[in-house]
Amino acid sequence: MILGCDIGTGFTKGVVLQDGNVAYATRVETRARPARAMEAVLEDIAAVRGIGAGDFEEIVVTGWGQGKAGTDCRTEATISCLARAAVWAEPACRSVLCMGTQQSVALSLGPAGRVLQYIANDKCASGAGKFLEMILEALECPVERSAEIARCADKKLPISSQCAVFAESEVVSLIHEGESPANIVAAILEHLAKSLVSLCRKVNLRDPLLVAGGLANNPQIVALLEEGLRRRVCSFRPGPDFIAAVGAALSGRRGAA
Amino acid sequence: METERAISRYDYFRRVNALCELITGALATGAETPEALAGHLPGLLQALPEYHASLIPRVYPDLIEALLKRKNRNAIGTFLLAFQQYLTDLTDGIDRGSPVVSNFPFFSPEIFLGMGLVPCLSEAVPLIIALALTDGVAQELDETEREGLPGHVCGFQRVPMKAIEKGLLPKPDLFVTNTAPCDSSNIMYHYISERLRVPVVWVDSPYYNDARAFRYYLEEFRRMVEELERATGRTLDEDRLREHVEMGNEQLRYLYKLQDLRKHAPCPDPGMHRVLDTLAVMMCGVNRRMVEYTKTCYEEARARVERGTTFLPEGKREIRTLWTYSHLPNLLSLASWLEDEFGSTYLECPLSFLPGDRVGTVDTASVDSMLEGLAWRSFHFPMHRNVMGYSDVHVNEVVQIARTYHAQAALFGGNHTCKYAWTLPKILRDVLEDELGIPSLTYEVDYMDARFAPHASVKAALGEFFRTQTGSEPPGAGPGAGAEAAG
Amino acid sequence: MIRPDGDDRTGAVMAATVPHTKDSGSALQELLTLPPGMENPYIREWKERGGKIIGYTCSYVPEETLCAVGDPPRILPVRLGAQGCATTEDADIFMHKFLCSYCRCLMQLALTGAYDYLDGLVLTSGCEHMRRTFELWRDQVRVPFLAMLAVPHCRGEENHFRWYLEEVSRLTDRIEGAYGWPVSGDSLQSAVRTHNRYRELVARLYALRAADPPRLTGTEAMRIAQAGFRMPKEAFNAKLSAALEELALRPGLTGARARVLVSGSYLDDPSFVEMIESTGAVVVTDALCAGRRFIEGKVDETAGPLDAVARRTFLRDPSCPRMVDGYAERVAFTKRIAAEAGVHGAIFTRIPFCDSHAVENQMEGRDLESLGIPTLHLERECFGGDRGRLKTRVQAFLEKIGR
């Protein structure tokens, strides 16, 4: 039994892998305290499943906070984890788009999941979940309702700023001009999707494409990606958020084997 | 009242000179680790002025650790001695009242030395500060931004221009520059010329690299010499010119041989000194110690090849890495860290590489042959050769090096202010992967400002890349969906 | 807001929805609404008659030489703009965000087919952004004829001009090689006369802008100027002559809050000027590359035409800030036109990552401030949008200067 953890800037995800299956998965907010978030994951697993840290053959940590987990663990490169988990979930997978809070990354894979190319939105929030959060906060729109609200849009609005800060400013202007929240939310989702489409196309996408990360929970984003990339995509299961954590756990499996 | 000497009067010179003395003093203790050096520190500081002690807390700790390592220390030490010699000669010249020329770095200092002028590499001096000190040149960068010069104008020019304005570097009698490599450089020289009322001698760099372009450039180069003679009243002394050109030739012969050695596996030449190689090329022929520096690097690498030894840690598999854009001056220890952590050896980068088969050495038979040879070399220097023409030049050179050096990975750490570079990542990524199966990483940095890409973030990105490269194959398909997902 | 006809639709909407009226009504209206690309009847007819359309982006491409190819003229040069580009997601695959949005928009429009009507393209080594666009265009868009015109950065010596002249000759030789149409002395002389007339007429347009009160808005002036880049110069000259007569009969635009000058990075988007004018200001003049600067100085009609065209194009002042000389002349020009138009303030705009204008704007801004002309510096992308924020800045500027 291996515990794989992905300590992201927004959320820390933990996955218990047993005999090659995901036995349990959990998610807590990181809140800039990776060690505390790691503790919270372990506490949750202990409370729900009665499994303590000492019961795991190995704990493997990846993600932004991997060097700050504050517990006895091994770290693993996030890109490798994404690739590993992608082919575990979808053996024929040749591309992955992982859309995280702070960073989105597109990977192109060779046979057996070898990473050929990957590219992230370096130092730019406008292709990441945080951007969406910022804007939805300005609109007082819950993230989980954004797809539903966007579907009510009756007008296309251009959001042209590629900088997240200026895009927020554009949104404020649109609010003052009396544009409806639905139209604005739809515009922001489209804007975000375009950045992500551009990111994917930089790595010479091959089919099938697997999407993962928190934004992959948003059906409108997924639909816009399919439209922009002109292909069907599949979402990581058991849950898009958990891809890196699963990949970390899978690497432990190899180590233990 | 006695005027303070230039080495102390200009704060940038004072800082760099102190850094040279500190580091060479540290190396002279024989300590190979920071812990061992700590024991020598009181004795070291006793022999040095108080000012030097004030710099110590500001030096990057990982820089100290890296430069003390056996693989790096000799190269660093000999370079700093050469640079200090340059600084001494430069400031002595200023104190003597010789005309000061602030020249664009990839522009043949031998010419100025041959005319008895003082070549002040106003762009290179701040580089030493940026690579050594944690606060670097941040103050000057911030001041220029507050004045309305945006951060996307290259710090490589913003910093020295501000430093000259503030009296941290001497106000030259003349600026001399190519119109390469970029708009940022051109407009900033124009800007500072207007502000300080210091004339610029421009050498127009043509677009294209063919024979016609070189004829044009040669004409510009000769005119530059005439203009300098008119403006300074100094004339080109053939013997003095020849002395420096011969030093430059000798320096480059060692560089070409060193570049050839890098083709061996494992690469016998550590990567930490590549930033200094770039500086050495900028200061080609400036003094004998610079020749010694390149010779030291060459001889150490040759000895490793002859003995069949490597500086890589025991058991570390080599990942032959081509830096497809340039090194990162403000993180000098990066290449050393990559060697130790991941076995990543630094093959070449376009900013420190000089194609010997094309550039060669300068014919010293006559003034005319020397001028033509120096113009040829300047035409082919980094930041000219692969910038003043189609991007094909840069791409083809990188691909050729990748092939002949058997590169296995590629790093494109692009300076965000370097506009010419920013269609290259995709072109290089695709061609290296498609033709040679070489994976690439692209990341954004700022040469002069570590705040843009903090060292930890650069190391995290590169660490991620190399750990992905060195990781074993994934286990294959799994059952996929599993139990509930909480949260 | 200043509107001569009470219409308060945005400029972009006007251009898109008002049908173009070639030769069938007001010349002024025709010029104000001339669309780009194959919707433009002049471009369409030119191609239908077997002519070629060659695009260009830089003022250092001597239009006269392109207009003189063949007898009768076979090439219509069209200055390419970024209008109509709202996103750059295709261009961004190849061009990083540190490249200017003008070039990224050009690539975007090219990749999505908006420039499919082009038979050729001439780019210059004007700036790094444009230089990098060249190879991408060559490899990703594959226009039938593509040429680079390498322009020296220095102008003070005869060899600088000689290089430029050689580049122009090589360009015309390549065009002749590609199409079999030479440039004759007579056709070039004729093109020179036409272009000098064009410059005179556009100068008169600027005089009407600078009048007190102005006869037209800055938005209208930009649309008219843009039309001049998308149609044969003879036809434009005829239309502009008629349009100037219409404008002269108009009542002046009264009630303007402030008279401003606009300068800075390449700007071809009337909606940006419209944003400024929606605050109540009127843009009475500009020092823009495709605006007032473009028409300054005539070609010497008494000299050998190729040499004369090249001299005027390369050596004229004001030069582009990418030239390493000529600042004194550039700022003198800006001061002169600011004085001629009686401006209350100057708005310097730059496209993010445009180094030349970023620094030049600061230099000129300081010099204007020292003359008592207040300045505002705005950063704006070529793909439009962000108008709310920019308008707020302009309004605050006008309030600050007491207008």
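General remarks:
By written order: A, B and C. Residues from 1 in each chain.
We take it that a residue touches a chain if its C-beta (ideal position, glycine included) is under 8 Å from a C-beta of that chain, and two chains touch if they have at least 3 such contacts.
These numbers come from a predicted model, not from an experiment.
Common neighbours of chain A and chain C under the contact rule above are B. The chain occupying the central position, as judged from C-alpha centroids, is B. Inter-chain spacing, taken between the CA centroids of chain A and chain C, is 45 Å. Averaged C-alpha coordinates give centres for chain B and chain C that are 40 Å from one another.
Multi-chain contact residues of chain C (touching two or more other chains) are listed as 93.
Contact of a single residue of chain A with at least two other chains is seen at positions 202.
In chain B, the positions touching at least two other chains are 426, 444. Contacts from chain B toward chain C in the complex involve residues 147-150, 152-154, 179, 182-184, 186-191, 194, 200, 202, 204-208, 216, 219-220, 223, 390-392, 414, 416-417, 419-420, 422-423, 425-427, 444. On chain A, the positions that touch chain C within their shared complex are 124, 158-162, 166, 169-170, 172-174, 176-177, 194-195, 197-198, 201-202, 228. Taken together, the chain C residues at the contact with chain A in this complex read 86-90, 92-93, 97, 381, 383-389.
In the complex of the two chains, the chain B residues touching chain A come out as 426, 429-430, 433, 439-440, 442-444, 453, 461, 463-465, 467-468, 471-487.
Every residue of chain A that touches chain B in the complex is listed here, in rising order: 11, 13, 20-28, 44, 48, 76-80, 83-84, 87-91, 112-119, 122-123, 202, 204, 237-239, 241-242, 250-251, 253-254.
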